[in-house]
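Let me begin by handing over the structure; questions about it come next.
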């Protein structure tokens, strides 16, 4: 048997991660994967949880490490896995999120219309496969769910995949939110590959004894959403960052003068996307792909630091203020609402903000109503912990039958987790007293 | 201000625990509290989770340490707490479970009729108060919920008390069951004392921002019940230990001969309780209290090791076998049933066991049916994570109103946690093939 | 390839431990190994570190788990290991300490003259090998260092073996003494098997990049000795326990009367060793081996609890007091001395103790000097972290040469660790004021 | 007593950190402190330890939290601390490292001649004190060691200060290098303030029982230096980053043309320092201070990403290559040498590198020797764990005398730690085979 060599990474979450010195190590050394080192996993989350500066690179390594553990566990239980499948599955786990852009989810829909990072992951994986002379073909098939053993795809992307297991464990670790802790190794030990009913292929299931661990996983996921990913201050940071980019897009791309010069000192790759109306159908084009890969968190931060100076002289004090607030972490307030506000209500609130902008010398009387739209935004948080409509988690009972999770548990708790929870909210400057209860006629 | 001195205990769960060198340290040095060092927290749990040998002493210290943290947190939020109250609350937390006997819950109902360990805790606390010349009077009032500030009692005993917070955290730590991990410090930081509606006294509530941490606590508690406390192998160990004691009680207390001599080599304090029909009303009597305090896990183990030899010569091979099985961890099997078995079903199963006993030379033909009752037992596990009928967890919203937890959460998950889950089971020797589905007419 | 099945143990230190369901699992189920569940790893250590109730069973599993990891690491680096060798090495790691008796090191020299637990481990392993029809033959060869590949023996027993790696990590974990933490996985990743100079066989070495991890291991070991294993209060507990057994041996084995009856209520297996002068040469005899295996911590504790009552009526108040002190953790004081005290000094101290015993009504005037010898003892703690005289730790440099550790490190720190540190001490009742500096003429 | 309010930060290392809502919270919200969020604690360390992306902001909070714990511990032992002193000490701990620049130690000596970050910390603290109308005056005195109770300064800056305790613990946590773990809480519990011999003021000492914890701290510090801070790949990253900046400084600041334009797209604040020869004596000037505070890791990364394109057309392929290597983590190799290389040796090596540069089309024949100096560098790592010459760690024995640590310990290990270890090394492209042993005549 040929000797496989490994490079060891020290990871505070999983301990030591062994990376085989084959195409997997080559993949890690590509600029596309190295770029993930400059994209924080939690977008603006580190501004609320100061320990959570971890990057998508670290998460990609972690998902790959869990894939190794999962395959070892399945092997021990009798599922044969060839070396080629092993390598392909590791590669697919490693690059599953390679399409994420700067500030991850915060800016996912800002640069490209109708964008979804999975599509870009697909584009980049296909491109790397070409560069690697097809060595990633099986990984691509697994990614596309086109491989004859669908359980590999499920390990890469499903309701209970290596991505989710790693990010919950990792984000819990770095934020210090202990409640999000998931018994990852316990879960992996209970995985079993089982023939699909009907006969074509096989699926990943969880042995009945792992049912509490799965429940706990779903509940931890729900908790991490509301406590971390959708934390009110995180939402406030998201809104602020988007407002700054909107301001540039709306006002400064086609203007001249000293402000335009200041804007131009920002990242040109970022400006390229703000200036051009790029659509999802274009992401396969080399120049779009290349420009996309040039952007990381650095570009956003550097640009905002430049644009903080846009208020000097006859500039744009609104943009300068938004940027300064983001850089110095002087966020707006987010308040959840019992229902979506109607348009007159939002208008009323914005006029209060407009008055305040004028009083602060940030806006002129005539533009203040317009400018207020960058300061007061409304949106909705929505989350469901377990989408059993689209894709179920199968539990394998002692008789060898697979049942959907919510049919197996003792309480109906799990089925509650399948509900979508939607929380409308408003984001606005703290000093402005808006009356959240006064509802003008629609 | 007088300088308070501390003794430091190193605790792997909470780090360093500071014990004030006053009545609290004196209390720790009493034989009654030191005895808790010889009672394992999880009864037979360590036979399933080999790391979980931790004792009730360690838990008592931990509950006291969390009480300190809780009182500090409440103080920071403006609730004034006098030094006397502080000491009394620490004492009450420390001794809340002092009435537990050998093997904790496993034998709770074996030695004294209608026993509940809380009653014995009360007896021992009152007795210690006398020995300490009344220095524990306020602690006793808090324990009895007779103190004018009821929130102290709630911290000692309620749906969200220091006992539960410590044991979940600690048992999760020592068993390695990560899913049981509770964000204890986060929870303590969100506690608030709030005036009771109606005006008399005040209660402990949780600030709205702690709601996910409370949910997680309840869910962790449920998970620890089914994964650890009511683990099938733990139940099997419980049944085996009880069967051995039943065998002694039923057969050997009034007999003579060599077996009786062997039995007498067991713990005399244990034999005292097996021989005499002690009732709950007698636990206050000094000789009962004293005898009770002489028993710890050592007595049980030592007695079983003696009784393993009861099968030599013309002895009781059934008792010897039961004891040997417990000492060498050769447990029976537990299988959960979809419903309670009826009497004919149990009879049928027992006759299979009887045949097996005869074949094994463990029983004679004529007594085998009787003996089988020590080998095949039926019982029910039952648990509810949150008994909001008897006692609610109050959430304090931003407007200063207190609502019951299940009315506040986003999903109806919490109300599901209030359901009682009951699981009937049968415990029997693995080699005996009983047909769990064959249901004879009742 | 035949499918290997595993039983999973949850271990808080190493996570999940997979035990192959072959002779290894059978071995775990023997009474000899199960008995380790009733022997605390740290003897009286749990009376100082309340979280450290962990047993030798847990440690045995842990050493076996690290052996698995070590063999995997060596395999990855090209050392071929056959399935038979793998099983034998796991078995040897599992039972390496099976010969330990009740209270581990505390009583190691009390029951059998010139005893060393390794000799008893050897006896028990040979006995088990017979019971298993020779299936442990290779394990026995590895234990005896009689196998042709000596590196297996080194992994079981050397300056850097699985035993030490597990116990340091585990004892650090359970005591909460973070400084004892060793980077076990890092160390295992740097192990390498290297041909012995001269050519016969091969040895375990550490790659040069692991040198700091080895240093840290030695320093942690030194620290755990002085902070935990030889902690002054632990030494005080050791002395007290030994004093109680000495008292029984010296006074009560050949006497009659009510005290003798009380003594007889203690463990008969323990009394067997106290009564008979068993020597190391006899440990292979079946009746000695059997009696030895009947004793565990339970026997000691149960006996002491019985003997606490020896002071009633016309009994032995000294014995009762010593036992009561141990059970209620009312230890003597230990003070380190700058040099060994001379005999007149000890005599002088003992006469102070004798006066105190009389004043306490614990001894009569005429026997007090004799009795004082149970209350004031002198001894020495001695430890060296690295015995490079007897056995070296070899470091493999990049050129493929092996050098002894202390020749490779940057500072001469390591060679300092090879010095023996010896600390004389005296143990005596706290209320007795003895003058440690007054030195009578020798 | 006035109610103090706190803001809670969740920190994975210390749990929850409570920040008083007074001048401390105001300080945290300044741009100067927020800027630390954009400076990684370990410079290029995250490129070797992928989990170690933590920032100087996180460390500053941690050092402040440990100061709280230390002051609480000293208070419990009778040292009175006024609220003003408490606030000042927290402030001083928080800003002790505020003068660090982008990439921390890597670039410490690149931007300003003879720079030391402590001097800049002093400048910024003085400036903030002005902005806060003198509210930081006492903090400034403590920082300057001008306060009458010198132990406060020692807690901020000494051989055993809150800075070191936090960074060792934190860097160990995030790198996953367990050996660096220090028992911080244990150490803090053993601190004692003791009157200075001679009488003026008082100093921080460690109680004798903490001596092993201090030793462990020193040894951990030594280990973290060689395993993490001076890890060979970290040194390689340091050299590469410096080489890129040197290249810009040497070649591009006064040139024109397309490359100059590309250079200008880098951070102007960074370019300001590269262009002007700023000396330590100027750092108090507002424009220097302001420019310095504009630079963080973002500026470096963004600039390098721009300068990667300097190789297009008639540009500088050397600069482009250096930048690309840093961004894509394609580092040179570092090899330690047994002694400093002499000049002819370095020349010889560089000529090999020059040949390689020509072969790679990175340099022309006539400039290759010059360009090789950016590709092959020599330097020395040096470290001592304990500088007892300049500043001792005092141990307080039971008789109340203070002795220097190395006089108290059992072995002479500590005195070994005071030696300076110096390791010369050479850093060069991996494909170039240089003969490290061939020594040309000097």
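Letters A, B, C and D mark the chains in the order given here, with residues in each chain numbered from 1 onward.
To be clear about the criterion, a contact is a pair of C-beta atoms (placed from the backbone, for glycine too) under 8 Å apart; a residue touches a chain by one contact, two chains touch by 3 or more.
Since this is a predicted model, take the numbers as computed values, not measurements.
Colleague: Quick check on the contact network: minimum steps from chain A to chain D?
Modeller: 1
Colleague: Name the chain whose C-alpha centroid is most distant from the C-alpha centroid of chain A.
Modeller: With centres defined by C-alpha atoms, farthest from chain A sits C.
Colleague: Suppose each chain is reduced to the average of its Cα coordinates; what separation in Å results between chain B and chain C?
Modeller: The mean C-alpha positions of chain B and chain C differ by 32 Å.
Colleague: What is the distance, in whole Å, between the centres of chain A and chain C, each centre taken as the mean of its C-alpha atoms?
Modeller: 52
Colleague: Per the centroid of Cα atoms for each chain, what is the distance between chain C and chain D, given in Å?
Modeller: So the centre of chain C lies 44 Å away from the centre of chain D.
Colleague: Quick check: what residues of chain C touch more than one other chain, meaning two or more?
Modeller: Touching at least two other chains: 10, 15-16, 177, 186.
Colleague: Given the complex with chain C, which residues does chain B contribute to the contact?
Modeller: Going through chain B, the ones touching chain C are 9-13, 15-16, 29, 31, 34, 37-38, 40, 46-47, 49-51, 53-55, 57-58, 61, 173-177, 265, 267-268, 294, 298-299, 301-302, 305, 327-330.
Colleague: Name, in rising order, each residue of chain A that touches chain C in their complex.
Modeller: By the definition above, chain A touches chain C via 3-4, 6, 8, 10, 15-16, 18, 76, 78, 185-186, 189.
Colleague: Can you list the chain A residues touching chain B in their complex?
Modeller: Counting only chain A, the residues touching chain B are 177-179, 181-183, 186, 212-213, 215-216, 219-220, 223, 226-227, 410-413, 416-417, 419, 421, 423.
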